[in-house]
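Please read the structure below before turning to the comments.
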């Protein structure tokens, strides 16, 4: 956006835009990342960024329930989930390297195309956005799509789940920064679902491993119409 | 007030109870009892709503109107019959050593939890809570699908989880967009997610945003509805889960997902003043009717077979609602009803059939009608009903849908009819082989509870010949308000 | 409570059948109850229905709206001359078949007798409702119920794979046909979108839509009637079914298709185009020729009769087409003549074909054989069946003075008028069609002689045939009823024509009653006496006079000594039953002359075979030219689409992803 | 239906019954002459018949009632047929009873019964003959019907009396279509009456016989009746031919005088007809049974052609 515009935006807004940019960056980083551990850390970082942006929105717009959701984000996305994931991969002793179905450079190119599409789609919305943070919704969409792409390209169960959670992050980001947050009850519900889902997945990993003695989802292609 | 509270709390309570005592004897009876109470409560609620009209409860978070109260009643009914059916079914599974007592506990409590989420999703007024409930429903059913812990069931559950999780995520984004659009009209704390409020101001909502939102919503909830090409989880989940679960998946979950789409469609139509949402749904619907028809003839597994048939019928319903108008929406609602009843009945019969044969492979099931005429006739009549043979109710709704299509979208009619014809050819051929012929199947260790099957089929038959006036009136109201 | 109309009584009778069925199914194993009480009761109801329908034909149109069906489209029923006539056909035939069936039941065959009873009576009720229905929905419901119940009756011996296959084919074709009918209704309802027949009558569709509606209806009803090339199910289903059911299907159910076609083309559609008639006529001709040729070469007695049904349906459609032609050229009187011939033949076929099918049923029970190559000489064992079958055979061969001849006579008469048509080609073409009809009639004679001669005459070809027993009492009553029908319909054509008068007046606005009845009951002269006349009474009377006269004279003037000796047979010393013509042998000239019609696979013994065997299978070429290709196409499509269901979650995710992106781009752009 | 009509009817029947065997005898005589054989007496057929009537009946063990009833039925059919065809007068009581189509039906009825009788005993030859008879029948019947159709299109009627009246008593009109029809008719009647080239009435050669093969098992009075019926059939066909193609001299009224003249004319015509038949039989050779379709197919085509010719050239009349 042109410099004149930048000055019209208050500092908080700029910070949020910055967060948005970082989100997107992290999204790309995860897309290109081969190593599970780093993937988890990146995910944690994303959570952190999400937390900060939520916090800022909460402070600038004096909405207390957003503080709650920020706290929720911190607890869930920055502490709990990464911790669980770390435990899991240690317990499961997953191979460190993640091989992708599509080689990284191509994936990146596709990702860029996705970003373009996302911005293009989000343009009309951001124009009529009343909030101080216009572009964020486009970025959130981009994050979601990138995570989606990541889910498609990863051939192991754990990275897929991480991608799934990253997608959740993107949605949260959209919810908080673009619309100053959903009603509390909804956010709680969402958080609960994510949590439970994680637990169930954790259980699943073990059973999958024990049944297929690997977490490679390419083993799970039996059910089809021959 | 109290009725709705009962409708929502009874399943929850019984789920908790079953989580504690589900491994003891009599768990199945408790399950049935809970479902029965839910059904009674739902019945009271229905009477209440018919009497006093729509009501908004619990600081506007819940909302009951003709549209969802009939789905609530249907859900409670099918839930009850399914619990009746699952009692002997699960006992046989237990005897065959396929399920331990702990698993049965999980099954019972998750079944009730699933019912609870369904009812919440139906009765809530808050699109956010709707989403939460749908997600919760996904989670519970994932556990149910994976109940056997076999590789196949795990694979199915995994696919189900990932695909529906992702889909649901899109739906959330759509919800956020709607909220985003509504907030500008309703202000921040104007309950911008409450459907009633949205409905009140739907004409002022921002069209572009809502159209985008609807795209996300239909992709999201459409995944759960099983719209092609988002349907791929459905046959696996139906095939690998225990049969009662397949029954409720087909009979209820798909309906509820579709219900969510319809709720959003009403808003979008109000905002856009175009037929955008309708066209989108019609396109999905046609695709969803045609593609599974061609799968049918290739599938070897009987439960996959009927899974695909569920997809096809969901497509038909989506198409009906897409066309819109009093007749088509009426037909869509009717088709929802008859499809739930018929398909769950079929799954009951199929469950026992596959238990008798010890397999789900179609070619290995033969001569049911000799070993157990009730199961054989149940399966045969159910299949004929679902294939749209008069005098069963499925034909009624299909007749209305087709005639509306002939009237307004003649080009679509041949496509639909071809698909239905192909479906008839493949499905009927397979089922005939299973029901008739020299028996290969063995009698069951416990005598099956086939009352549900024939109750359902009886209801469907009645709907084919005579729709009770109040029910028709009720459909009309709902249809009018779907538009 | 308003007093009950005739229509209500008809409805009550039809529902009475249903009630009988329900009683039957509630005592599924009580054979005596079912066979000695319920089925005779059903037969009585049939008679009642026939009488009610007769009075309904003259009573004028009556309508009712039942409190059933869709909320905004309840069941409309209507009793007019047309439906009255077909209800009469149904009732009269059903009376004979039901009473026969009462005697036909045996212990432990196929499905439980109670269930059979239910299905059979549902079948009857649904057929009655098909003829009464006055709106698209009620019609479709009754129509499909009819198909469904008959399907279950056909597959009652479902342990045999070929019977399952036959049933499958039958229901499939029936269903696809029903789709055609539904579409036709849709077109006729048009933009009004009201599916009551009244609305269709009032709402006149324009342009090419009537033609489309007509063609769709032709497809739909043709599938049920067994018109070429949709006949494929018929020769499979009829042999598969138990004989009373085959009789009912061939005798009555095929006629429901005729009824529907008449209803659509004359009642619901306003104007008729002449080429519709020509189309119908040519299709009917092809069907008739095809059917009669195939019936002449069959080796299974029920298949033979099934193909003969195809032939008769073809003839009926020829008459139908001629009616359309005359109607479209505004020649109501000639149209009435042709239509009378058509309806008359419907009635005749109902009687003689069900009679013949029931006879095969008795033969089947007595011998357990359907294969003509294993029957023969039954005239000595089962005289009742033989002589009654002879009546049916003569009637079906179109020989005077039986009923089959009258309708063919009327048909040929109406063809003699086609030279008066204002259309150059037609009055050249149609007499040639008449020639083809003559050929078909003669071939039908051939087929029937083969049927009767091989089954009942000659020496028994198997040992077990000597244990064959004649039909039981109730069975005889049923057969007698139908045979009497064949004779009476043949002897009193004027009565029947007078009876058909309201129907023709309703449909084509003219009738034959006055012309026919002007010469007294004994002389049938549809136009005028010196134009054409036929008096079956004198005909029959003189034969019935000369024969005993000759007999008496011979016995009177010459001694009647008579010795039983071995057959002479040109002095051949040894004669076995194998030396007489088999069914294959009898069909050989046909196979030779009409070889282009068949897809034939033969297996000739070479001179060096140790066990030489000869085998020759004649199949329906259409199966290979039309049906298998369609099946292949569908199969290809399924293989193509099934490829999408890969089982790879990444692919599935990709589907949703691409869908989402595509939709987004579309919506945005 | 006046007294004369009844009288004429009975007279015609009587004449038919009497003349038929003589006609056959006459044909055989002519044939013998043409083949330079010494001819049998004219009444030879009568001798044969009476001999057969006096003989005992030898009935095969397997023969059924139908076998015994058939001769009487066939005989009465043929008697009826020959009394329907207007030969002496067109004012007959039976003439409205059956028109041309019914006449064809009558012949078909007789054919069916004789074929069934042939199959009844269950010998190789019987069924073979029956098959061939029906086979020839379904080829000949349509052709005959088409011949009648041509005539009825000309006279706008299918009742034989009206046809004859039209053809005989209208102003002399040339009908080219009738020429075709005539040829077709003569071919058909050769086939129908078991004559060379389709069948040979005098042969008992197993593989060639048709008619004889069917009646092989008959003896005594039954055989006599059948033979007589055959004579009647020939007579009836000849009368049909006369009525259609040489109807001149058949009176409409039926007062005794005109009847006598008519009878004389009839005898004359029959004599010529018989001679022509013998001539044809002498000049042509019996053909293989599977050449019969070609032969009769030709007849059928000629008949159809006749009808088309009529529609083309004479429809204007």
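Lettered A, B, C and D in written order, each chain numbered from 1.
One rule holds in what follows: a contact is a pair of C-beta atoms (placed from the backbone, for glycine too) under 8 Å apart; a residue touches a chain by one contact, two chains touch by 3 or more.
Computed from a predicted model, the values in this text were never measured in an experiment.
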| item | value |
| --- | --- |
| Pair sharing more residue contacts (C-beta pairs) when A-B is set against C-D | C-D |
| Computed distance of Cα centres, subunit B from subunit A, in Å | 31 |
| Inter-chain centre distance, subunit B versus subunit D - centres from mean C-alpha coordinates, in Å | 79 |
| Length of the line joining the C-alpha centres of subunit C and subunit D, rounded to whole Å | 36 |
| Centre-of-Cα separation between subunit D and subunit A, whole angstrom | 102 |
| Sites on subunit D at which at least two other chains make contact | none |
| Contacts with two or more other chains, residues of subunit A listed in rising order | 121, 124, 148, 151, 217, 220-223, 225-226 |
| Sequence positions of subunit B contacting 2 or more other chains | 158-159, 162, 166, 170, 212, 235, 295, 298 |
| All touching chain pairs, where touch follows the definition stated at the start | A-B, A-C, B-C, C-D |
| Subunit C-facing residues of subunit B, complex | 158-159, 162-163, 166-167, 170, 211-212, 215-216, 218-219, 223, 229-230, 232-233, 235, 276, 280, 291, 294-295, 297-298, 369, 384, 387, 389-391, 395-396, 399-400, 402-404, 406-407, 413, 417, 420-422, 424-426, 428-429, 432-433, 436-438, 464-467, 469, 472, 476 |
| Contact footprint of subunit A on subunit B as seen in their complex | 61, 126, 128-129, 131-132, 135-136, 139, 142-143, 146, 149-152, 154-159, 161-162, 165-166, 169-170, 172-173, 176-177, 179-180, 183-184, 188, 191, 193, 206, 208-209, 212, 235-236, 239-240, 295, 298-299 |
| Contact set on subunit C toward subunit D in their complex | 376-377, 379-380, 383, 390, 394, 397-400, 405, 409, 412-413, 416, 419, 427-428, 431-432, 434-435, 438-439, 441-443, 445-446, 448-450, 452-454, 457-459, 519, 523, 525, 529-535, 538-539, 542-543, 545-551, 554, 557-570, 572, 575, 577, 579-581, 585-586, 588-589, 592-593 |
| Complex contact set, residues of subunit C against subunit A | 642, 645-650, 653-654, 657, 660-661, 664-665, 668 |
| Residues on subunit A engaged by subunit B in the complex (per definition of touch) | 63, 121, 124-125, 128-130, 137, 141, 144, 148, 151, 157, 160, 164, 167-168, 171, 174-175, 178-180, 182-183, 185-186, 189-190, 192-193, 196-197, 200-201, 204, 207-208, 211-212, 217, 220-223, 225-226 |
